[in-house]
Amino acid sequence: MLAEIKGLNEECGVFGVWGHDNAAQITYYGLHSLQHRGQEGAGIAVTDGEKVTVAKGLGLVTEVFGQGEINDLHGKAAIGHVRYATAGGGGYQNVQPLHFQSHSGSLALAHNGNLVNATALKHQLENQGSIFQTTSDTEVLAHLIKRSGYQTLKDQVKNALTMLKGAYAFLILTETEMLVALDPNGLRPLSIGRLGDAYVVVSETCALDVIGATYVRDVEPGELLIINDGGLTSERFTLNINRAICSMEYIYFSRPDSNIDGINIHSARKNLGRQMAIEAPVEADVVTGVPDSSISAAIGFAEQSGIPYELGLIKNRYVGRTFIQPSQELREQGVKMKLSPVRKIVEGKRVVMVDDSIVRGTTSRRIVNMLREAGATEVHVRISSPPIKNPCFYGIDTSTTEELIAANHTVEEIREMIGADSLVFLSEKGLVEAIDRPYEGKYRGQCMACFTGKYPTEIYQDTLHPHEKVTC
Amino acid sequence: MLAEIKGLNEECGVFGVWGHDNAAQITYYGLHSLQHRGQEGAGIAVTDGEKVTVAKGLGLVTEVFGQGEINDLHGKAAIGHVRYATAGGGGYQNVQPLHFQSHSGSLALAHNGNLVNATALKHQLENQGSIFQTTSDTEVLAHLIKRSGYQTLKDQVKNALTMLKGAYAFLILTETEMLVALDPNGLRPLSIGRLGDAYVVVSETCALDVIGATYVRDVEPGELLIINDGGLTSERFTLNINRAICSMEYIYFSRPDSNIDGINIHSARKNLGRQMAIEAPVEADVVTGVPDSSISAAIGFAEQSGIPYELGLIKNRYVGRTFIQPSQELREQGVKMKLSPVRKIVEGKRVVMVDDSIVRGTTSRRIVNMLREAGATEVHVRISSPPIKNPCFYGIDTSTTEELIAANHTVEEIREMIGADSLVFLSEKGLVEAIDRPYEGKYRGQCMACFTGKYPTEIYQDTLHPHEKVTC
Amino acid sequence: MLAEIKGLNEECGVFGVWGHDNAAQITYYGLHSLQHRGQEGAGIAVTDGEKVTVAKGLGLVTEVFGQGEINDLHGKAAIGHVRYATAGGGGYQNVQPLHFQSHSGSLALAHNGNLVNATALKHQLENQGSIFQTTSDTEVLAHLIKRSGYQTLKDQVKNALTMLKGAYAFLILTETEMLVALDPNGLRPLSIGRLGDAYVVVSETCALDVIGATYVRDVEPGELLIINDGGLTSERFTLNINRAICSMEYIYFSRPDSNIDGINIHSARKNLGRQMAIEAPVEADVVTGVPDSSISAAIGFAEQSGIPYELGLIKNRYVGRTFIQPSQELREQGVKMKLSPVRKIVEGKRVVMVDDSIVRGTTSRRIVNMLREAGATEVHVRISSPPIKNPCFYGIDTSTTEELIAANHTVEEIREMIGADSLVFLSEKGLVEAIDRPYEGKYRGQCMACFTGKYPTEIYQDTLHPHEKVTC
Amino acid sequence: MLAEIKGLNEECGVFGVWGHDNAAQITYYGLHSLQHRGQEGAGIAVTDGEKVTVAKGLGLVTEVFGQGEINDLHGKAAIGHVRYATAGGGGYQNVQPLHFQSHSGSLALAHNGNLVNATALKHQLENQGSIFQTTSDTEVLAHLIKRSGYQTLKDQVKNALTMLKGAYAFLILTETEMLVALDPNGLRPLSIGRLGDAYVVVSETCALDVIGATYVRDVEPGELLIINDGGLTSERFTLNINRAICSMEYIYFSRPDSNIDGINIHSARKNLGRQMAIEAPVEADVVTGVPDSSISAAIGFAEQSGIPYELGLIKNRYVGRTFIQPSQELREQGVKMKLSPVRKIVEGKRVVMVDDSIVRGTTSRRIVNMLREAGATEVHVRISSPPIKNPCFYGIDTSTTEELIAANHTVEEIREMIGADSLVFLSEKGLVEAIDRPYEGKYRGQCMACFTGKYPTEIYQDTLHPHEKVTC
């Protein structure tokens, strides 16, 4: 799931808890289990009923928070956020939860997703005299809430949400309540659990398991939860909903032990692998997956095809932030840092290499090449998703259209470019069926815009250059 | 495998290269691929023919070395070292390569292993007026060399080595040559490769693959290599050899893509798993391995038994040094940080949990318990090695006898303590056969002292408390 | 000038330059010479005509900025700020220049002083929907500017300034111009210089000398300067001016080599010392000053009285932030860290100890005691300012009234509390005359509110607890 | 006393205490008061009777030690060391106290001075098989002690000391005693004090004052003190003594509040200034000293001559390690960072600029130039010491002969090079008389080798390149 290998970056994970004596510590462990969703920054906001305190920083959860920092966060409710690793931009000011203080109280805000009309809204607000302190989309919500004119926070938030377009899972914390909102398409996953008497809201269910909480249900598209000492209330801020959960959560982003909509990710991926073996069988000696995200699909392919599954590629677990890239000369000598083939496994073998997606194609070419240098006689690439041809505007940092190899080349051209003996992508129909198999084919609604170009929301002017904005 | 989970720690990895323009950078990548052998500290010594320069520090290779540090290490030959993560002790002074300078030249020293008579030798040297600056065994060799009285370094080293007892793979670098020595039992792995015209010496062959070098052969027990601009010369410093490579290298320590003595580690582990399925079959629904080191054995067990292999346990990749341990209260609530079960996979299932070894038993108990809480109806534990009943004096930080669960309890008692429905360890015979399978049963010589108590060397007084020394 | 010794803290220094190729570097040196005005944080904002870039951090100028940071600040104009060392509060977000960005351009803001109606203005702005990101008074100006409704920045700023009450020297930087404003009382010093063709604006003239610039004139109370590539324009934003420069700038804060209103600080302090010798002569053997700020006054006293000046007290130059305070037990044993008496100088002598002010009296008591323990037979304390009886609302962190020893005790009581043989404060008349001496008694207008209680501005409700706000 | 300004560096200060419950904390404060003697590194060794513990690091005392580090140093006796700021070399390994551990006990060593035969001794020891771990002279003593063959530490040390030539003040700490030795010339200052029942040994008496201890006496040349729970015993390790205390301690290095041999440093410097005014009177308007070390001499000159003393030069207190040097271009524009003239004081005036010494002459030229640019009509330079014509081999980092301006130029040439209207150095006779004045001319014995070339010890081959060694 290394950003550097894939070129696909999830944008953020959120976690909230209400009513637990160790709210900050529970949030720390929850965020830690969501770390794969973002490694740039982490933050926790906590309320003790009187005051909201925020601590945050750049880096991993375990780098930002030590025992001292956690001990200083007193209170029975907390929200937390992990932020994805962006190359340049970003910086400390954009680390969430954002914290807005005024004489009438404070507001902490954590967001997973991306708004497509944020720039337009921001310009309007600035023209009315608002001053923005971050370059993050998320701040727009705070200004809309402050200016809504309604009396209660709930009404202010509802009013503000009706102006937002795009993908969002929001957690809002004040001194006395927590609000939770999911966009009308439910583009990002968001689930509810119980931990004793406490309520927990998480981006992925693996966070519930890790803290020992019980899964209750997924948050519904267009739903607004109000959680306070009186309990949890559910409302709808819009009735105009159209379920479209991001397919890439199943294919690539989420942790294998998470479930979305009751479907286990590992199982879904195994099904994707099985489906590939049905759609595109091949004569071969071993099946290997590109670690870590394609292991499940590779096992599925192996089981379906009867070809044995092997560890043909090893990932170095110690690749860190400060890693020195091999010079061009050494790269040509074959110096490998992140991934290496297991020569004894692939030498003299026909290899099926299962991967979950191809973005720019450079990584695939390198891996195919590695396998051949290690002695593979044939390399058959099977991708457990359809070709990515369109950018994502909902919080995934895909390349722009120019960089997407499948937007500009046929499958046969790509096969040649990556040097494979054969290359097959999963069909769109196969994707839907494999994921929905537990529902016996009753289609539940996925966003497949990156494959099909059919976006579930309007697309605004300012989404044309998604890379210039700081989303999430 | 995380030290915290297992309680078994490898002690160090070494890497050397002679005759490459980017000696320091090559060493950096080589050490990086050996990082699993030690995470406490890393160092590189380089010679430009005139001067030996050393850079080292506490932490991972990527933490200790940035581009600047590597650029400052000029020269065509280098040796490097990664050091294992010890709880207390250690510290900067013990990070290797150790560097000894005098008016007649300098000596850098990197060591993998443990000397059993170091304390005795050290006392004798101190009585003769030597001053030690580290608490590391390794320094003894330097003093023996300095005091040997012979004229050439080669003769000084040969003389010094005859006084050492125990396990050692030594790399020695001076301004003008590199010496390599392996103990008479060949307890630690050490291999030779070529990278163009350069010679490379590595603790594990994965380091050869990563830098694009070609494997030549393993270093022989009792062999002394002298490498300089005239090429590589091989000599024997003793004829009294008795091959006994550490079994745990196959079972647990080495990387799956490494080969020792021509045997691939992943394949050896699969064979161990297959052997378990033959020796101790069981009715069950899924096979799962404890990540990462037991995955191969689990796949072997699954293949042999026909029970499907699944990802029943997920390891969090972001567990770092500064990790906050859950408080007792939260641990009782079931907060899990390093490892979590996949509920959807194990719920309602009879699970075979394959692990490579049991040291204290606490981790096994926790994992069995996790699986049950996640809904497993039965948990059958299969360990791909015999019970560890004796301490290791050759560089593995096993617990003392008091802490080794198998030294003090029967298998049935252990089964009950860890809460498994069944527990079977691999037989000693099965271990030998599974690893030697590629040699068709021709026994090649393994050290199995931790299982059998039969140590291949004399054991000295000062090895009774191995934990008080800084080895490696 | 150590905050810890005195209990009086200046609040900030500002520096601006327009039209110099090395604007950021010049600002670095300028801020460095103003470091005595604030050690908590430092920042520089620079414009290249297209974009305003800001770098800042906690700590000294030399800690916040390395060569890399300075090199990254491209542009021909810059403003900078040093912030005073506050015990708690503050933090990174309040370090200046504050930077406000919007789609219509950006605004950087540096402020020396304190607004007395900031809280009232902030509440009104929040009620209108503004969100504040800092707890600093300074941000109020940015919001007033954004909401003023005028077309040009100059008019927006003029309008905003009319709403502010209190002490302020503001530097404002946009992509294309720099604005400079001084409050209608001119409470804080602010001077203009030229460096080649460039314009320079500084809190103290020492910054002009250090960068090799020529002094032009002091900024006038109520003056607004607009500096851009067309040159410097001066306007008035109010005609209701009433000059009242802070007396403590002469007595204590400013550097001895600075001049305010043409009067050199060292010379002014010598005059204060001379005046003391006239008003309160005493029979004694040596005169000594409390370093560093009272040295000039002590020399003046010595010259006027004919008693020799000696280094009777030595200050340790290496007292840093992280200094460990002696435990109570060691303090009783007489452990001294910051200041120590020179026994050979004071032993058996009648000592005149000249200091510039007394705030809480604890430091004075400690120094008198030190001198006695070192053998002084008599200690006569002469303070080169009148008793401080009232809090400052204009940017000096004096204690509240409860803590000010002179607000609650007679001079005779204070003498007894500090253990002196005699104690005399300078008269108010003497203060005015000594400073104005170069003007031959033509009173130029000083704020003496901390001595007299006569404040030059209205005092608002929210100034009653000055310590709860972050000023400057 | 800034190394950068002067080009003369003291080499180290030592502090020891025996018999105090807060030994480490007392040592911390003592070292802090000796910080002017060395800013590169600091260390403390402490014994609790059973074990010697050492903590040390690069940087100032307050940077190396926090409350935690001090709290971890348990014991009733301690020695400490501050090390001077060397440009390159050095590094962590050379920070003292050096700590030598063996199975028979440990030895911590702190040294002020420089051995002239260290290289020769080191070669001999290496030829006998010793391995050195530092590049510091000090380590030679440890090896000599270890190899002496005597039974008791006292005898081992006595034997070792007879082999050393040069300047040394040694503190040695074992688990059960502290040894103190001063070289036969007494080249470095070393004094004894009492703090309650505890014994204290310090490089300068200011450290006694700071911790509240009482001065007892100076250590004698050739004296060895043995301090343990039985009290203090004094022995002589040689009778061949010849007192020659370093003159530069009086002129430049020591703190003004210290006394050497009963003579106060501030008073001695005032006498040097007075003597200058007698030897080389001049018509002028103001006297100013180069801060900080020449202030006392300037006051003396002013008093003797009747010309008023003024603060004509201001030193920036915030010049730190990480300071960015002005580029050539900015330096030409007159950017000054460390020292600035006070224009209002020197403008239109004839200035006497008193400094304590001239090493390379570059600093003097810059200051004279500054004063002229600030408007001084004449600049008369008076140096309160004779010309430095010879290198120091006893622990002062003077330039080599090639760099010493006075070794290669006449006074008239130097005057022209630094641009002064007149330049006079103090006479050798004047120096002796001024310092010995309190003894009424009875010459007490000073080392004046840097002025006269008459070295009080033999000079060895290896002292020819003093800059290549790490002394102290």
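Order of writing sets the labels: A, B, C and D. Residues in every chain begin at 1.
The criterion applied here is as follows: a residue touches a chain if its C-beta (ideal position, glycine included) is under 8 Å from a C-beta of that chain, and two chains touch if they have at least 3 such contacts.
To keep track of the chains, here are their UniProt names: A, B, C, D = Amidophosphoribosyltransferase.
Since this is a predicted model, take the numbers as computed values, not measurements.
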Shortest contact path, subunit A to subunit D, counted in steps: 2
Subunit A and subunit C: spacing of chain centres that average the CA atoms, whole Å: 51
Separation of subunit B from subunit C, taking each centre as the mean of its C-alpha atoms, in whole Å: 62
Gap in Å, rounded to a whole number, between the CA centres of subunit B and subunit A: 36
Residue list for subunit A, restricted to those that touch at least two other chains: none
Overall pattern in which the protein chains touch one another (line/ring/star/complete/other): ring
Touching pairs - complete list by chain label: A-B, A-C, B-D, C-D
Residues of subunit A defined as touching subunit B within the complex: 1, 22, 25-26, 28-29, 32-33, 35-36, 39, 60-63, 65-67, 70, 195-196, 206, 209-212, 255-257, 259, 264, 266-267, 292, 295-296, 299, 303, 308-311, 314, 316-324, 326-327, 329-330, 333-337, 340-345, 374
Residues of subunit D that touch subunit B when the two form their complex: 92, 100-104, 122-123, 126, 128-133, 135, 142-143, 146-147
